[in-house]
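Letters are used for the chains, namely A, B and C, taken in the order the chains are written, and counting of residues starts over at 1 for each.
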Amino acid sequence: MKPIIELIKELADKHGRNRHSLLPILQGVVEQERYLSEYSMIEIARELDIPATEVYGTATFYTFLDYKKMGRNIIRVCKTITCSMKGEKQIMLAIEDMLKIKIGETTQDGLFSLLQTNCLGLCHKAPAMLINNEVYTDLTPEKIREILTMYMNRKDEGENNVN
Amino acid sequence: MPKNYFMGKNLKITINGATVEVAKGASILDAAGQAGVIIPTLCYHKDLCVAGNCRVCVVELVGQKRLSPACATPCEEGMEVLTNTLKVRNSRKHIIELLLSEHNADCTSCYKNGKCELQSLASEYKIMNQDFINLIPFHNYTIDMFSPSIIKDDSKCIRCQRCVRTCAELQGVNALTMSYKGEHAKITTFFEKAMNDVVCTNCGQCINHCPTGALVEKNYIEEVWNAIADKTKHVVVQTAPSVRVGLGEELGFEPGERVTGKMVSALKRLGFDAVMDTDFTADLTIMEEGTELLTRLKKALVDKDPNIKLPMTTSCSPGWIKFIEHMYPEYLGNLSSCKSPQQMFGALVKTYYAKARNLDPANIISVSIMPCTAKKFEANRPEMHDSGYRDVDLVLTTRELAIMIKQAGIDFLKLEDSHYDRLMGESTGAGVIFGATGGVMEAALRTAYELVTGREVPFENLNINPVRGIEGIREATIKIENTLKEWSFLEGVELKCAIAHGLANAKIVMDEIKSGKANYHFIEFMACPGGCLGGGGQPLPTSPEIRARRAAAIYAEDAGMPLRKSHLNPEVVKIYKDFLVKPCGEMSHKLLHTKYTPRKRR
Amino acid sequence: MSTNYQLKRADFIFKNENDWEEVLSKSISRPPQELINELISSELKGRGGAGFPTGLKWKVSSEVKSDVKYVICNADEGEPGTFKDREILSMVPFKVLTAIAICGYVIGAKEGFIYLRGEYNFLRPELLKAINEFEYYCKEIKLDFSIKIFMGSGAYICGEETALFESMEGKRGEPRNKPPYPTLSGYMGKPTVINNVETLAHTYTIFKYGSKRFYDLGVQYSRGSKLFSVSGDTPKPGIYELELGMSLSDFVEEFGDDDTKAVQVGGASGFLVPRKRFSETNIGFQGKLVGISLPTGGSMMLFNSSRSMYNVLDNYLNFFAEESCGQCTPCRVGCQQLLKGIKAVKRGEKNAQYLDKMLKLAETMQVTAKCGLGQSVGNSFSSIVENFREEMIY
């Protein structure tokens, strides 16, 4: 994994150093690091010559730009009405049970974080969730076991980039 | 959007049935102002760009179901505006009730009690029931009291974002931002750090623009009362130039009325042992800084010393100092090494004054009345101990002084005038104009020019008009001719001066210097719009008109003084004779000059 | 009273005859004014939910003078229960790209963007391939037009056009004051046409077949067909292209059953229609149809008798309280008050009359909120509370 300063410089070279380049750069850092640390926000501010508070204010607006440390695989389970009607709670319980974490927490080994999200646009195949950028639909507690096991095995095989 | 986007033609609208003619591009709020119709606002402020987020100013447009915000809706030909329908009033009541439901409405224990815009609205609309659910318990609001100047109480914030816009547009400091979204949306610093842990310059402009008690100055009223009551202590107070043209606004006077004499009387009645004038050290600053400037010019122009940094900039505005320490630390060498008049005064009170009055400096408490919140930070700076003690112990803003006067039961309107005490209470007109943007420059020129040429500045009545005014950045060039022999190296030099007020303008000038575009010799920087008279500690509300009136008062005060040049101040002459020996001499460097601290950019 | 309007299926959007190159080159050889007139006479209205006449939008932007103009495809599909744009972009992306380019030709823009919601990141690789191929063809026919994807990062409010611009400009997605309107001052303050994905797909149909084919579908004021995203308690969840103007009872006959208690039309910012009003409700845009006419982005969520309307409303209000940008008072605080309010009534902490106070608050939000989000919260709130009052209390 690239050191953050290098990553930010590359992203700025790619997207530009204007104010309107900010969001793609933030997304690029989150893609690699899974969250925006204080340090990375300060570096981005410096690279784009904008105030650090503006970076913070903008980043914290967007749900997918986490600013607290996250695990490698961020699970986002949809909690909007259709998924909620079709068994989201059971899915949540299954994940919490298997990973031994609650919503908002990260596993000890840093492999998974569990969050909720709003409508993913997969309502006809509810309940649905995202893990990083991957979509999983028609979920059942059994499927959850399968999916999470797959991610755990990927880690053992040394694959860290799971998108 | 710029206000004059469509300037040129006029158009007609009706407000509550009456026809109003307005310039194209004017908002409904502007039109209402013309027509004598008052529409209440909260997020709107004359100094700032339009936000349109509080929704208090909503009005009804005939033919439209939705209400429109008066501040953000441009007038269109034939528009029919209704400002007092049942729908408008009921909606407005709801908005106020909503704001109160997420607001710590414990008014009697709030510093802004009686001066809060939300409170006034609630009173006007007679919000006597709160049916909505109190949202405070769900929010985990915090109060940040870490800064010596500013207290930030999130439980009182109405998210009007005036402070964010002020800190960003007006000051270019960007210490505050709106963060998160939805029910969690609030105004924070970078990563919610304490105000004194980020780039905040303590200028207090956010306080000046906050409609509620979310941002207030840290007040030291009780500490000052305790000091005065302590019989073992000798309490000395100094008053800044701007206080005398602002104080009246808190005590029954119109903006722009000078209350110098009454202010001194009030201070004496409050119980201070000595009431002296910061204007004295303002004159002193001119002697020190003028000498410093001429010395730098000589070293640069004659000795061709490459280490001499030009332009030299003023250093009396602590908001400006913290700004340059954070943003342009590589230019700290350009700052004058002179302390501000407040700090010079503090250092001299516990040395020169103590000696003259035969007092033990350990028993002197030095208090200052300032239009400024950054001065509270400045007095706290670790290096401000050159007297051997804390040079300035307590700083009160103009607003706090007014509170003390009222608490003491003084009927300010009926007060007789008094004079400052001797030794450090004499001043010239050059000292008082420090309070206005361009004033330090003008005072410096009056003395420096005469020092170098032996003649007065070539401006009628010593009023150097080119440096006066309200534009954010001003330039003036003074040609130096027919110098005295010892200053012949300045013969023919065109002294290029610049004046900037408001930190956003300071940023522009500093960026010009950085890019090599600027070639000034001397720059006056003031952190606050209008200079100190618009400072973070001055009476509220503030507006361009009010600041203009205060400025007029300052220049009137200057014009009416018997002495108008700093070097003629007899107490200044005396202090050099008896104590300091000469400007920028050893004693001066020990007590009256200082160093600066480079800081991080966030 | 039903209009006896049977559900009429249409098949324009997903029918793919791989003729986009022809449609594009033919369209840009026609005078822009002709294309605008085609759209205007088709009476196509925006399919994202707001229903603004598309032809008029393109017309205004084409007439204003500016050095730079933009075309933006709003793919920030976030309305609960809506998933049609995802399908369009997966199945027939070239129709959308073609429409964007034609719009650029009409108004004089050289750059187009697709604002794609962050949740649809998995669509990106294929979409980029399509854009690559598309731009290659544009070069061949000497059309100076480029399309870029701008990714969102999880903010429903960025579907609001001015909030979308703010987001693309690297700021918080806080909606702007209108006026000025996007057609005159949008992205970077320049004239911008911003259209929903489906709207653009329909313009493709109109440019290919002419306005009459489109106009002949639907009913007065609600011409053409629309994609409906059907989910919830239905045996047939999925995406269906239907003519506008159908009655809700006809819809439920096809997609629901005797146990269908209510239908949420238009997502959380739409209206909940109870069974007793199915026949008098028509799906289209405001107009002089019989009964109520509901504008919609096409989200249709069906609820059977096992569903608690309280839970449904609670879910919506949670959604809005989270997704509101937080800028304006009525929305930021109003959403919280409504959410906590129904909880309090349910728990017995406040009596039933408090519901009436909240209905009034919802009305205030409708007329004072700064953008469509705050203005629409009252839609579902009022329709649910008024029709299922007992479920709020007991």
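The rule is short, and it goes like this: contacts are C-beta pairs under 8 Å (C-beta built on N, C-alpha and C of every residue); 3 or more make two chains touch, one makes a residue touch a chain.
Just so we're clear, the structure is a prediction, and the values are computed from it rather than from any experiment.
When every chain is represented by the mean of its C-alpha atoms, the one lying closest to the mean of all protein C-alpha atoms is B. Across the two interfaces under comparison, B-C and A-B, the one joined by more C-beta contacts turns out to be B-C. Distance between chain centres (mean CA atoms), subunit A to subunit C: 26 Å.
Distance between chain centres (mean CA atoms), subunit B to subunit C: 49 Å.
Centre-to-centre separation of subunit A and subunit B, using mean CA positions: 45 Å. Touching of two or more other chains is recorded for residues 54, 57, 61 of subunit A. Residues of subunit C in contact with at least two other chains: 155, 172-173, 322-323, 325.
Residues of subunit B in contact with at least two other chains: 178, 180-181. Contact residues of subunit C toward subunit A in the complex are 77-83, 85-86, 117-122, 150-156, 167-173, 188, 229-233, 237-239, 264, 268, 301, 303, 307, 311-312, 315-316, 319, 322-323, 325.
The touching residues of subunit B, when paired with subunit A in their complex, are 168, 174-181, 188-191, 198-199, 601-602.
The residues of subunit A lying in touch with subunit C in their complex are 18-24, 26-27, 54, 57-58, 61-65, 79-82, 84-85, 117-126, 130, 133-135, 163.
Remark: subunit A residues 38, 41-42, 45-46, 51-54, 56-57, 60-61, 67 touch subunit B in the complex. The part of subunit B that touches subunit C in the complex is made up of residues 1, 50, 52-56, 58, 65-67, 69, 72-74, 87, 90-91, 94-95, 98-99, 101-102, 131-133, 135, 138, 158-159, 161, 178, 180-185.
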